[in-house]
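Order of writing sets the chain letters: A, B and C. Residues in each chain are counted from 1.
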Amino acid sequence: MSHGRRKARNLRPMATSLAFAAPALLVYAAFLVYPAIYSIRLSFTSWDGLSPVKQFVGFGNYSKLLHDPVVHTAVRNNLIWAFVTVIVPIALGLGLAIAVNSRIYLRPLIRTIFYTPAVLPLVGVGTIWGWLFEPTGIVNDLLGHIGLGALQHAWLGDSTTAIWAITVPACWVRAGFPMLLYLAALQGIPNDYYESARIDGASRWQQFRYITLPSLKGAHAIVFALALIDTARVFDLVIAMTNGGPGNSTQVMGTWMYFNVFQSYNAGYGTAIAVVITIVAAIVGIPYVRSQAKEL
Amino acid sequence: MTATIVAAAPDVSPEDSSRQAARGRRMRRRAFAGTIVMLVLALLWAMPLLALVLTGVKSVSDFDAHGALSFPQSFTLSNFRSAWGVGQFGTAFINSGLITAVKVPIGVLITSLLSYALAKLRMPFRRTITFALLMGLTIPIFIAVVPIFTMLRSVHLTDNLWGLLLPYLAFGIPFEVLVLTSFFRRVPQEVIEAARIDGASEVRVFFSVLLPLSMPAIITVAILDAVATWNELVIALIILNSPSHRTVPLSLLNFQGQFTTNFSGLAAGILIALLPILLVYALLQKWIVSGLTAGALKG
Amino acid sequence: MATTITRRSALGLFGAAAVGVGLAACGSSGGSSAGSKHLNMFNYDTPDQAKLTNQVLAAFTKADGISVKLDTLPGSGAAIYPGKLRTEILGGSAPDVFRCWGGTIAKPFVDTHQVVDLGPAYTKYGWVSKLAAPNINDFTYNNIKYGLPLYASAVGVWYSTDAYSKAGISGPPTTFADMESANAALVKAGIQPWLAGGKFGWYVMRFFEWFLEMTAGPDEHDKLRNGQTSWNTSSVVDAFGILQKWAQNKWLPNGVMGLDPTQVEADFAGNKGAMALDGQWIEQTLVAQKIPAAGYGTYIPPTDQTNLRFSGFTEGLFVTTQSKNQDNAEKLLDYIASVPSQETLQNAYTTVNAVPDTPGFVGTAQWKKWLSSNQHYVIQDQSLTTDQANAYFSIQSDVVQGNQTPASAAAAMGKAVPVSQ
């Protein structure tokens, strides 16, 4: 009797929590998890994406992936992308946050301008920056004006520079969100911390190192996690600016997946690439989930 | 705001007050210089957008002759007029407005319910679910379109604006839950316990205690969600056919075909598509910052 | 611990998936009802073109009592449209009639039996006598006619008469050597010879296939395109060699691989270069920009072959096997292929005989003559599979940038396009 009641008491909150979670989880399961599972199945077939027959090929697509030269290029580009578009926007965002948080006028206006790129659709951003990077475009114009004419270059037309050129708009778009997060965190640091540090004779660098940075720990975690996961999803900007070219020199895993699934009738192979993308992103995301779950 | 607070203490000796005043002047000068530097940087930052605006308001021949960044020889709205007509943006604005207005509140409601369960209720499989949601951030939409299309067709929701609702909800969930859970977790447990002791049901606790306390975060998520919904292209492309059902990104695509050789018209079209989202953002942006502040991210 | 997360995640995922499958399973029927007097049509008309198409469809409804709903997906070219079409077919809601390119773009739909054999309809409506034969060929797979070709395009040289006279070029070059001297003369006069955009690969490909037609000759070129002989051969090396030379001499624009091909028309109209290697559609831009017919000319790219061929491709209409009203769909095809309908559509590329030329389109009219007097080969990205075309684009990009020698490029093509019997 008493045992049964205790059990009931434990079950009730569980039932409540499930009731709260159910609507979102059902939609999520049907329209995201189910398609994902469906594609895992496809990734073991040689399906062309159109015929009714889906021939099972075991791990064939996955071993093909290891020997696909475009995959090698894509992995290299994803690593470049991850390196640049995690570090630069976070550093920029932090710098901007500190600058905007200092004693200046017109703060809301300035903050708005720096954040605006983040709300633009990436295809539009790609179009605009595609113009800027043209051989006769504004980037080369500016280089000429400031006496760096020697650096003028067909940025997107050269296999060695194209992927780097695409990271520029990515950083432009991505700096806004970390800026806001850091700004929020900075505004949460009580001013008397700095006051007492100043009284103790701490230098500006010491204040930054021992007060500012540690207070941003929470912001760092979410900024890094989201930035890393975002790098696995890079797609729109590459499609809009170079379409994976010249040749395949700017293919990333996301675009190469798209070409195979949507354009080359290699749906089975393409979904195998997608599965790999998700697995890699999941591995990257595990530390974040663990740090979050610990606090539950 | 700290920027404009200048120490001005009463009842001090003249010597002190003049020193104070000098310090105030120095700080104002520094703030002024800082503002100028930041404005210059902001101008550089906004250059690509400025190029877009300058292209949109000048004539095609002016653009061909002088490029994007030159100051327009004369301002014209004709690009916007022709872009508006060809892109059929009127219908598209109504469609995108409708789906955004319905999707965002429902999405924020169901994700906050889930986030509450994850953050404050003893939800089983918390880690598993958080992990599954996180993986959802990385699933490329292209591999999901065929199953989604098939499911929606079986309930006759293809070529129907409301067919977008469920997939949009699903793809919005991961990011929103991540932000909201981390916010809800910072809401003091005592506040919730107090309400529970007063006999409030969980539903009541959620609606009359947690939600009001979390308004900044909710609004942040809602704004970001609205931006994403307004800009979504791939699912809309697959689900919708009829011109009368097109959303704004589809209109933009539709109209690019017509304007491949007319950059001024193209720029005008892109600006038209962006304008509502820029306006909403400009009006509500202070909420984004306060939403992310309010303890949500303090480590 | 990572292991526990993984195990429990897997459990949770499978539970969630079960729900998803359950939802997906409920209800599965639909499609256009059989025997109804209604058809769905899907194409990639721009809004302006769609207006004309809808006029034709309305006239069809009036004449035959069959209503047609037109959906269009413009602005995406061959990049998105086939994908959207495929999703609809897979989802069981294929349109009754759709427009598509021939060659390897329509081939997957043929191979998977998604489109109807139109042989009986050809006989019933006598299309063979109404249409130009080379185009019907482009829509014939394994000797079966699967589509109704209505639009024929050809790639040729379009040049500015002003630039030619400034550079002292008397007229269209008739030999390839003259062509190259013309390039050199233009450079000397300070004029960019060619406009081109290599961003998607296919624009620069037009140059390569022209060179290959010259170095290999029609017979070998066809064998190469059909995979009947290896690409690792001297004619391919030579063609890549010419391409590299043209890029290095800046006869193709600087940084060509990063340029957007959609800009070529506007740049040509704006006199930013002397020549474009383009289809008849470029004339629409020229007419729209009010450039007088005397300001430009067009000719078949010289190949030094007695059988002077050029690159071309065909678009037309297909009927899906999912359509429950195939007879009505074929009736619609016949109606669209009629001379009055083609006139309403202002179809300058029509393959239908007896459609008069659109006034003001001098170059297009010229090409219509060449399209029936000369042979064409199917443009390379529609004769190679998408995988092969993609491999080619990558090799081409290296050759243009000077990162690969013509010989190694030919060897790489030999690997990418296997010889089939």
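A few remarks follow.
The rule we apply is simple: contacts are C-beta pairs under 8 Å (C-beta built on N, C-alpha and C of every residue); 3 or more make two chains touch, one makes a residue touch a chain.
This is a predicted model, so every value here is computed, not measured.
The most distant chain from chain A, with centres taken as the mean of CA atoms, is C.
Among the pairs A-C and B-C, the greater number of C-beta contacts is found at A-C.
Ranked by how close its C-alpha mean sits to the mean of all protein C-alpha atoms, the top chain is A.
Averaged C-alpha coordinates give centres for chain A and chain B that are 16 Å from one another.
Chain A and chain C have centres, each the mean of its CA atoms, that are 36 Å apart. Centroids of chain B and chain C (each the mean of its C-alpha atoms) stand 39 Å apart. Counting partner chains per residue, chain C has residues 5, 13, 16, 23-24, 80, 90 touching two or more of them. Residue positions of chain B with contacts to 2 or more other chains are 127, 129, 131-132, 146-147, 151, 263. Across the assembly, chain A contributes 25, 28, 30-31, 33-35, 262, 286, 289-290 as residues in contact with two or more other chains. Residues of chain C touching chain A in their complex: 2, 5, 13, 16-17, 19-21, 23-24, 79-80, 82-83, 86, 89-90, 108-109, 111-112, 114, 198-201, 253-260, 385-387, 390, 393-398, 400-401, 403. Looking at the complex, you find that chain B touches chain A at residues 1-4, 27, 30-32, 34-35, 38-39, 42, 45-49, 51-52, 67-69, 110-111, 113-114, 116-119, 121-124, 126-127, 129-140, 142-144, 146-148, 151, 166-167, 169-171, 173, 177-178, 181-182, 185, 202, 206, 227, 231, 233, 249, 252, 263, 266, 270, 273-274, 277-278, 281-282, 285-286, 288-290, 292-299. Residues 64, 86, 88, 125, 127-129, 131-132, 145-147, 149-151, 153-156, 158-159, 237-238, 241-243, 253-258, 260-263 of chain B touch chain C in their complex. On chain C, the positions that touch chain B within their shared complex are 5, 8-9, 11-13, 16, 23-24, 26-30, 42, 44, 46-48, 50, 69, 71-76, 80, 84, 87-88, 90-93, 262-263, 265-266, 269-270, 285.
Contacts from chain A toward chain B in the complex involve residues 13-14, 16-18, 20-21, 23-25, 27-28, 30-36, 38-39, 42, 99-100, 102-117, 119-121, 123-125, 127-129, 131-132, 138, 141, 169, 172, 180-181, 183-185, 187-188, 191, 215-222, 226, 229, 232-233, 235, 254, 257-258, 261-262, 270-271, 274, 277-278, 281-282, 285-286, 288-290, 292-293, 295-296.
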